[in-house]
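Structures for review follow.
What follows is subunit A paired twice: with subunit B in the first complex and subunit C in the second.
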Partner chain A sequence: MSIACEFDYAKAVSLKDALRLLARRVSGGAVPLAGGTDLVAWLRDGTAAPGRLVDIKGIKALCGIRLKAGQLWMGANTPFADIVESPLVRKHAPILVEAAGMAASVGVRNRATIAGNICSAVPCCDSGPALLVYGARIHVATSRGTKTIPAKRWFIGPRQTALPKGGIVTGISIPIAKHAGAFAKLKRYRGEDLAQASVAVRVDPSGNWQVAYGSVAPTPIRGPQVERVLKGVKKPDAALVKKAAALAETEVAPITDIRSSAVYRRMMVGVMLSRAIPLAVRRVSGRGPAYGINVLEEEAS
Partner chain B sequence: MKDISICLNGEVRQIAVAPNETLLDVLRNRLGIKTPKEGCGRGDCGACTILLDGKAVRSCLILAIEVHGQSITTLEGVGANGLTALQKAFVKNNVFQCGFCASGVILAASALLAENPQPTESEVREALAGNLCRCTGYEPIVETVLAVAKQAARQPAASRRTRS
Partner chain C sequence: MSKNKVVGKSAVRVDGLDKVTGAARYVDDLDFGPGLLHAVVVTSPHAHARIVKIDTAAAEKMPGVVRVVTGKQCPYKFGLYMQDRFIFPQDRVRFVGEQVAAVIAESPEAALRAAKCVEVDYAPLPAVLSLDDALKKNAVVIHPDLGNYERVPWFFPRAGTNIAHWRKTRKGNVDQAFDEADYILEDTYTVPRYAHCPLETHAVTGLFDLAGRLTLWASSQSPYAQRGVMAVALKPFGLSHQDIRIITPYVGGGFGGKAGVSMEIIGAVLAIAMKGRPVKLHWTREQEFMNTSQRQGVVARIKMGVKKNGKIVALDHTLHWDAGASAEYGANVVNAVGLSATGPYSIPNVKIDSVCVYTNMPPCGAYRGFGYSEFHFGLESHITRIAQALGIDPVKMRTLNAIREGDTLAYGAKMNPGDLCKAIDRVAKEIGWGKKEKAAKAHKAIGKSLACFWKAPAMPPNASSAAYLKFNEDGSMNLAVSGMEIGQGFLTVMAQVASEVLSVPVNKIRVETPDTDRNAYEWQTVGSHVTWSCGNAVRSAAEEVKTKLIATVARAKKMKVADLYLAAECVKSRKDAAFALPFRDFVIDGIMRPDGRYVGGPIHGTGMFMPEFTSALGDPETSQGGHPNVHYTVGAAGLVLEVDKETGKLTVLKVALAVDVGQVINPDLVKGQVVGGILQGLATAMYEDIRFAADGRLLNPNFTDYKIPTTLDCPLEIVPIMLETPQPDGPFGARGVGEHTMIAAAPNIADAIADAVDVRLKTMPLTAEKVALAMRGIEYEDVKGDNLGFCFRGRPCDYCFDVGGAS
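Up next is the complex of A and B:
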């Protein structure tokens, strides 16, 4: 048997229906099911053993990508593949396109959702750093109403989020503003792999920088020290980039695990940042390569 | 158990499934569809690749109960009317060795060519990055997909065949 635990399955037809199904008592608890690429893997290996799965894929209100009140809104059912292909996301949140294109493989991206990615909240979550530099907001519904949670307060620990019990992520929004940036991901090989470390960088035309890291702390984290040293500098020179890279190495807190040693992660964060900053500068002035490249490979060549 | 209805390789099939049965297990053990393989069982290797409403997905990470009303294509369906141009080229070039990855690779490559008939080499590599092969080193696979795309561009009829 592939999946040892037993559970009921219910397909929600509306958000209200889903919240009701999640609230109804069941031994083992009820969890939402979207793409299932993490959840079904966890059911298979016994990491998760819920009593009920509430499939939210049929809820139309949680589907689609659109502009809403000056924000780019992505429904919770949006798979990574749609993010990679969406002209709206490419225009308004290109760093997220670069990150989504590096997540897993095509076969997983066709199914895995970005909302599921942040609900799984593993430290190497590929969308985390991009959502942090964008100051994204996570839209959540519970039986008591709706609220939004800023990405910086979303990630609490490995596989722990600020999602209230019985709640559902309905979508993610990103404020629209002129900017450029880059996302770099270090992997053990060219094909699909979880990140050994990742760096997202965002800069606006006034030289305000946002920096975030993945896989180098219990959650994706912002890089406040690097942001401070770059603040207001539209085109950091080589010396400042070097200084920022050195600071990056000190503001991350990686561990050694099967994918990498802590010291390698620390050093590569500096390397990736020193590639991503000049790339973001080129892009903000309209030059530089289109988004969706492998920053570490392209910029080295 | 719950009855689900799927369109499997063009044929409507109904079957009662338990919530904890994966699509891969139902296909292999109950519907006689043996080309999707269980490799890693966690979405990494791509051996269980099928097309769900035309998109390459991992059948090991999908519950059968989720796909009620959807259309599934496996390698059995791709080759139902004779080998496609892509399959013929794979045979001709002796691309595979053990063949365990072959059904996943063929489906992933077919989905790519259907969406993007003239892919670049990096697009081919990206589309197949989630289909692990331990025999070939990937070079003959990538070269053959590119050659078939190039040939299809010269022969529009052949291109339609590849996309089926």
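Up next is the complex of A and C:
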């Protein structure tokens, strides 16, 4: 594999160093390199031609998963594989574990980071729906300081985010609260695939529901209409699930592309939701399968 | 029952250890030192355009660039069966991705950068991107010189049109038979293009040495065919067969895509341009999809007439094939189907029109199954539908019509041995045919199906094999053949054949990949014919060795030839149980007689095989009179499928496949062919979904969006069943098995979907999406968007089989 574009490579030793390297002017601009699973492919096919890659893999402050101020904090360098394996994430954000386990393939998950996933911000981004239902916050550093951006304001458009120019994601935090949920992903086969559509569902013990979708809009999106109709219902009956599924089909805005027709995406969002809701109900009461299954394949409506 | 000691046993693969340890070397692994040059091609962004000007000046000035080559330096065509493919196009490009120039540089990166600086002015021409456009009146003609192209005598191109070949087969009286039929079903089936997807993309390194010899290290299934094609095409450079040497190390998958010649000839001319320095050209995955060969897309109209009892009396089968910009190999796929599109059934009245059509799409060629998978999809679906319409068991209908030894084929020759009825029975039993199964979950349904298949190698009548077998001092042997190990286990099987005759263990027979200077001739490794054809040559070489071994001992020891035999690497005597002369004691140095003189010498043998009973010279209007195919291998496959009624997701619970291989030479390798073929077949049926933009660009030349199955997608259970009705002219009775195992997969899936959820899909692939949409009454054609998956415009049922301006 050859890469035609020429670029500088610099390995940052600290966050400050990284911000400095990103800020320094270079023709083509500077971009951070973490897992590189998207970036290197873009370099190869010419869709990205930066003048400098700033390697942030060695920055300790961006690594690790821990509890911090009552929140689950995941460093920007956390690869999907660590999320899948982490007991902390499994305990406090199990829906993200289920989503991470469906992302790409084992090899890619070992390298690809969750921060990279939301910075690439493609509509089929696997972590997007899970972060949306969790109300996650994205921690960002720039040369002027730090700030946090709620996940729902992070995704602006396909490959567009609220990341300030020259900024860098340092980590993602998720509030800790008792809940259950499920993540379902529609794929063309059982192997590694980009989502044709995906659905994340979260419910707390009082019956507050959060729903989000992937691959059915320019960005991952929340499902406010479905959330409203489910609100306060701890155990939606079959009729309500059916109603929610029908609403889901109308509140998404998919396109037709080579991966799926819009109509199939719509239909399957409904099916996924109707399988995810009963599963979430079982899980919130301590029943149901452990997180990390293929919900669409293994669960029934 | 069998006397065989080695044949019929699962010898360990001779290439196995090399491959699992990483010792096996492929073209890209070969080290040519720091002098190696790297080439990158400049490709056409247009499906059809006139080349106005190519400006290489800027590219030539780029750092590291050594030379830029265009069609100016080599205005030559090439082709296996018809010379319609350009090394570099001259006046016009004919598909998106076609090479127009190549940059040779000191590094791949320098070549890649410079390739972007080659400026090509194009004047776009109207592009022919569908069969409708290619065949309409006043169609744009893609090959205006078609009438002058060199070709084999069994191709019938229509000059001035886009028809590269038209195979007609006529038997009996079809019109009368339809009049007399009790039931007639007519419908259209479509199969899109597919890509081979070998793990190793095409690669070639060429060296035109200072002595003027051209050596190519190529990832190829056909070293000798490549040398032959190149000797013709490169004649203007003063090269002949003796000047060209093709060396083929291990190949990482072929599936037909590395048969014949595609990008290798570019490597050859680049090497010629750089005398004295090796030049490497290695396709990217995108190029592997776009510029090697694809499987042709086809739209097929089937009209079948039957009697009330299910007996088929008439078949009218019309197939229009999208061959792409070149039909140099693909037209022979069309030809093969034109002779065999009855499927494995005895049908008294037959009309087949198999039409090969040029389009401005990527060129197509050989692909495992050689057209048979494509036509079986429609034909087998059709038979099941007719059976259901008549209220007959589809399995019984197949048995009723199954072809038997001695039956007259559509082109008049007689059917070879093969027990299709037994295959049908065994498979039906294995899948519990007739027993409806209930899915464990309410949202799922289970369906079953059974389909038959057949296939013959499509080869010129003089396609032949040769073998050279020699002893070494330690009694080990070298077997030099030029069939290609493409994963099927060819090397192991050849060693087994020699081992059976000579009693030398398989692990003492070294069989290496080909080198056209050193190894004996082989036409090509295609058509599932090498075990049969090259096996015959190896057996004959081994018999010659055996004769020499015995003659040498008889002469030296004054024993009778008739008393001697080979066992346990010794010459033994039936008359003297104590006599055993090990091969290693005399196969090189001979046997000393009492007076000190020696008898014998280095023992070696040669063998050759040509199917002398075949002929391609049938009547062009009816195909009667020739004997184009050597033999058909028949079989049946059935499966149990679970369908998710809401998502359309398909899970293959079980597949059983019975194939009459004549004689199993290596059971493990046949099982490998069965499992691999079923997977590849299921991939084409359920996952692989090629898409082109409206301008002819391939939209998914990658595994992100072109899906081939992973281990997670394998059927839960596969049952291979090997039947053995000997092929009289095969080595130990063997006939071909390789491609056959994927052929039934598509109709299997279509029929099982229909059985499970009562939805009939007639357009491949049969994706979950299509199933789910069909179950809700949504026409996929209405929602799929404007990208082209198919080789025609509009709905399949509206496709017009009238060839319009081309008639």
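The criterion applied here is as follows: the second predicted complex is superposed on the first by the 298 of 301 C-alpha atoms of A that agree within 3 Å, B and C clash if a C-alpha of one lies under 4 Å from a C-alpha of the other, contacts with A are read in each partner's own complex, and residues count from 1 in each chain.
One rule holds in what follows: a residue touches a chain if its C-beta (ideal position, glycine included) is under 8 Å from a C-beta of that chain, and two chains touch if they have at least 3 such contacts.
Remember, predicted model here, so these are calculated numbers, not experimental data.
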Is A:G157 touching anything from subunit B or subunit C once the two structures are fitted on A? First, second, both or neither. neither
Once the shared chain is lined up, is A:D257 touching subunit B (first), subunit C (second), both, or neither of them? second
Just to be sure I read the superposition right, which of the two partners does A:P289 touch: subunit B = first, subunit C = second, or both, or neither? neither
So, does A:P205 touch the first partner subunit B, the second partner subunit C, both, or neither? neither
With the two structures laid over each other on chain A, which partner does A:I3 touch: subunit B (first), subunit C (second), both, or neither? both
Classify the contacts of A:M267 with the two partner chains as first (subunit B alone), second (subunit C alone), both, or neither. second
Return first, second, both or neither, reflecting whether A:G191 touches subunit B, subunit C, both chains, or no partner chain. both
Looking at A:L43, would you say it contacts subunit B, subunit C, both, or neither? Reply first, second, both or neither. first
Considering only the touch criterion stated at the top, classify A:V106 as touching first (subunit B), second (subunit C), both, or neither. first
Common ground on subunit A, meaning residues reached by subunit C in one complex and by subunit B in the other: 1-4, 190-192
In the complex with subunit B, residue positions of subunit A that touch it: 1-9, 11, 33, 36-37, 40-41, 43-45, 53, 55, 57, 81, 104-108, 110-111, 190-192
In their complex, what parts of subunit B are in touch with subunit A? 2, 18-22, 24-25, 38, 41-44, 46, 49, 52, 55-58, 60-63, 65-66, 68, 108, 111-112, 125-127, 129-132
Of subunit C, residues touching subunit A in the complex: 40, 108-109, 111-113, 116, 284, 441-443, 644, 646-647, 649, 686-687, 689, 691, 699-700, 704-705, 707, 709-710, 712-713, 767-769, 772-773, 776, 778, 780, 783-785, 787
Within the complex, which stretch of subunit A touches subunit C? 1-4, 186, 188-194, 256-264, 267-268, 271, 296-297, 300-301
